[in-house]
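Both complexes below contain chain A, partnered by chain B and then by chain C.
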Partner chain A sequence: MANPPHFIGHRKSWNSWNTSTLKDALRPSQTAIEDVFIRKFVTGTWHALVCSEIIIKRQHNTIRIAALIRQAITPRKMYFLIGYTEELLSYWMQCPVTLELQTVGDRKDVVFKYI
Partner chain B sequence: MSAGLTRLWERLPLKKQAAQSSIRVFSNQEQQQQPEVEDDEEFRVLSLRTVKQQFQRRQQVRRDPITPPRTGRMAVDQDWTAVWPGPRSFHPASVPLPLRQGFTERGAAAPSKFANAELMKIPNFLHLTPPAIRQQCEVIKRFCTPWPKGLETEAKWQRHFPVEVTTTDFCHSLPTIRNPEARRVTISLKLSDLKFDSHARDKFLRLVGDRYNKDTDILTFVTDRCPQKKQNYDYALYLLTACYHESFVTEPWEATKSEADMEVYLFERNQSKLSAEGILNWNAKEGAPKVAPSKSYANCVEQLINEGENEYNLGKYKEEVKKMLNIA
Partner chain C sequence: MYLSRQWRLLPKAGIARSLSSSGAHYTTAAPAEDSPIEIPNRIERSPTDLLQALAATVGRDHTAPHYKYHDDPFLIPMSNAAKRTYALSKESGRKAAKWIKEEHRELFMHQEAQPAIEKFAPSMVYTEDSQVEESSLRQLIAQGELKDAVLVYNLLEQKGTVISPELKQSLLELVCFHNNQEPLPEEYIEERWFMQNNRRRERSGKTWKDGDLAEKLYSEIEPKTPQSYASLIRGMAKYLQCERAYALLQEAGEKQIQLDTNTFNSIIQIVNFLKDTAEQRWQLCTELLQEMSQQKLRPNLGTLNAVLQCISTFGNFKLARTAALQVLPEFKKLDVSPSLGTYYYLLIIFCRERGPVSHVIVDILNDIAGKEFKVQHPKDTYFFATAMDVCRNHLHDKALAKKVDELLHTGKNYDLIGDSFKESIYYRNYLALLCQTESIDDFMQTYDLLVPNIYIPEPGIMEEILRAIEINGGVEHVPRIWSDMVVFDHTHRESLLLCVLRILVDNKPNPESPAQQQLPEQGAKVALDMYEKVEDSIRRLRKVSFTGQMLGDILTLLVRGGNYEKATEVLSHIDKNQHRIPGTPAESALQEFVEASVQEKSPSQALVALQYAVENNIDSRTLAKRIHEGFTLNEAHLSKLKSLVGESFLDK
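Let's turn to the complex of A and B:
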């Protein structure tokens, strides 16, 4: 939403939600690297379709990935890609992965402000 | 060119089927291209030069109609727990609330719920509405047991369970459920719940050291040297038991405790007792019962020496001495 990073927590919130960022928490580096990998994989798999940041929420051992997707492919392909992404990511991360997508008709729908 | 051919090949079986059923299911666009393959008996002609007819109109991208958000069709008295059964990122088409979130420009309204990534980021509790919690409580109620009788108030259960055990469980968002910090076990109890004689109490306090808080009378053991919580709990209870029983053991060397080793002044084993007795039994006849200094005098002297000389203690000492010598 075109807010610089120091507004995180005021005007916008984090893209990764997990407990590794708390003080003295476990696996901070592994979680960060996994998040980078998930982001790269999702933007590549949903090529030119992701219109927003990829939001990764972790709860216990599940990972929920949310994003805004452009309605440029058929729903059938979209369902395939959802299953494909969930299956491969859950194999690599060794935990259940859920995709929670929203679709937008046009790329311009997610533009709120021109700087 | 070759692509056009393949497309024609693919269309062939379809066309036969259409001929058999004698129903034309093709769209106008496809009918225009048909003259080449109209007759099934003929071989198709491979024309190497581009003929105008072979140009295919660019296929229109067929788009499925986007269904409107289902919030518009939701009944007012619907079962919300069925709509939103578990934790999930926000979805505008499922939540019939005019929510807004985010910041764009100063003075402008926050963006609406559609295509709003900010609303997807923040955790929501739409699955934990009061009816949902009530439902879940109803379901798990059959696993509950009644509260034991006789333990209704805190005073009652503290009498039966004097030892308080504190452990910590950690919930992470990680593939592992282990946390090394969870091994720590703290047990605490009031020292007044243990029964001691004066020697055992003194020895116990020396054994536990600073684990005993004199102000609150609470004894605390923290154990973390074993890797598991259970092991640490067992070790803490072992420490408590061992210290308690050890404090009742009198070693032979404890009898050699001299006056210099005493941590408090005791009237009974000091010179002042002998002096007071000497004064009280002055010129007493042989065989007459010995007069002992009064209890209040003994307390007063102990207080004076243990707490130090202050106005109150000195005044009290003066009163006691006058009383003992019958001067007043």
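Let's turn to the complex of A and C:
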């Protein structure tokens, strides 16, 4: 979304939701690096299918990953990728990982504004 | 005042429960001073108790697909095939990830969690030249890793390490349990859920590996212990090496070796493979039971179910009945409480296809209504499908079926439905019974609840439902059913298509009833949809071909729905492909079309219909008459009419 950084929290919300940057919170740097890894992994695994930012939400020991996916492959293949992504990321992060995807028919559906 | 009003809005049961479960009574009056405060004993809770209590407050959501599917319109499965493929694809993705983890093990060696979670790390790999010790074998057996355990055992043998007898015994137990075959890993639940016909595979015959590792291990254990006998006998009995299992049991008896109850159970289970006639089987069964009582072994649930299984294989109905009636009180005296598997066996003993009608299920349901069951025996999962089958095919009783369904939805009993195959049998029987016995509106309520998220009807059941609609005159439900049929991919079944058309054509909508006001247009839509679907299918592999009857019905529906334009198209299709289409449309279909042509003032179309009727030996006189009366025909049309039916007709 085309919003400059000072609008984050006002017109645009965070892409990573976690409490690692609170005072005395645990693993701030690891969390940031892991999020970068997750984003790279998901955009690479769902090649040319992700049409949005990848939102990563952490609650307790679970990680929920949300994104908009283009309906360019069959649902069957999507389910394969869902299973694969969830399982591999949970091996990597060593905690339960859930994918929360929404699909869109066309890439243009998620374009809201041309600059 | 405010509070009390709020409370009235709450369901009464909820208040009662919340008050009684908290164990205190909320009263404004001060408690009497002399009553001492009693602190209740602490109840031991497991870590997941709270979660389970929370989960118990939400039931299955009928309006959403099962939670294993992704909640997005594109990803929601809409047919039985899709349900299966989607769930299995997801699991196959999991398998692929696991393969990556094992293949690139060096990348997954990090440990994030404290204490480390073993399942997230790659598993140990044992090869020909790994350094192994007895302790690693012990660990592998504890983890149930059969293949690795066998490999490590062989390595230890080669190195000449002495393995303690009790470790050998536990390896023997592992090998006997799995017949030295790697079992399907436990985490792949979908594969288990969708695995089909495993029952047939079990029955197929001996799968025990003769002279394999199990027997080698057994021969190495000296002196023979009761446990080693027991595990080999049970393994052989499980994989149907029946003769040798029985021989081993006799050998153990001769050597005065004290076996345990479960070993006897496993032999009783295979009595039907040892003896041929019912009398011999029953005799052997009683002999085994007597032997158990001599050895002072206490029978358990497994014994009860094994004996009933043996009885259920009797071809002789009378003997089976008397034997079962003897066995039940005996076990009741022994204080063995039956499981669902027991009731399953009773049902198949008493309710046979060719036997007299038995109402044993009524007593069973009276006995167990409202109870919550846990799985105790492998056959427990067969109960619900069989009970519903008995309700439908044996007794044809709607009230009983509802009772069974209520039992299924009591507590966690739904866990005992078995697998997808049994679940679909259960619902198939349930819906088929309801659509035959209930009024169509009541039935549609159940239908709305179950379809499509819990159960998708097979084409056979769809036909039953359509028949019920036809009998009960619920023609207003047809468009809804048709749209379901399209979604479930039933449109290539000719019998279903004909059924839908027949109902729509035969039940002419009554414009005064509010439910049927929309029906002519909806019917025309269904007809048009069907016409396009069938035309489409000709280009595909799964061919459905038009019949004259079918096209005639489509024509009628289009005419009734006021879609005259499409109706002419269908008629020209009928006319052009006369030689390819078997059969002809009904006369009434052509009549209705001509009538519509009159309304639309289109004599040339009416003449096409007439010509078709003449060419195909359909009674054309009424048609011609109607055309003659309805239109003021010009010369060309008149001469055509004459050439078709002859001049003499017009002069009258």
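Quick note on the criterion: the second predicted complex is superposed on the first by the 115 of 115 C-alpha atoms of A that agree within 3 Å, B and C clash if a C-alpha of one lies under 4 Å from a C-alpha of the other, contacts with A are read in each partner's own complex, and residues count from 1 in each chain.
The criterion applied here is as follows: a residue touches a chain if its C-beta (ideal position, glycine included) is under 8 Å from a C-beta of that chain, and two chains touch if they have at least 3 such contacts.
Predicted model, so just to flag it, every value in this text is computed and none were measured.
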Chain B versus chain C as contact partner of A:Ser90, first or second or both or neither: second
Chain A residues touched - chain C or chain B, whichever exceeds: B
Which of chain B and chain C A:Gln71 touches, first, second, both or neither: both
First (chain B), second (chain C), both or neither touched by A:Asn3: first
Touched partner set for A:Trp17, first chain B, second chain C, both or neither: first
Contacts of A:Leu81 with chain B and chain C, given as first, second, both or neither: second
First, second, both or neither for A:Arg107, with chain B first and chain C second: neither
Touched partner set for A:His47, first chain B, second chain C, both or neither: neither
Chain B and chain C contact sites that coincide on chain A, given as residue numbers: 71, 75, 93-95, 102
In the complex, chain C residues that touch chain A: 70, 72-75, 77, 82, 85-87, 89-94, 96-98, 100-101, 108, 111-113, 117, 120
Contacting residues of chain A [partner chain C, same complex]: 71, 75-88, 90-95, 99, 101-103
Chain B-facing residues of chain A, complex: 1-3, 7, 11-15, 17-20, 24-27, 31, 51-53, 55, 57-61, 64, 66, 68, 71, 74-75, 93-95, 100, 102, 104-105, 109-110, 112-113
Residues of chain B defined as touching chain A within the complex: 63-64, 66, 87-89, 91-92, 102-105, 111, 114-115, 117-118, 120-123, 171-177, 179, 181
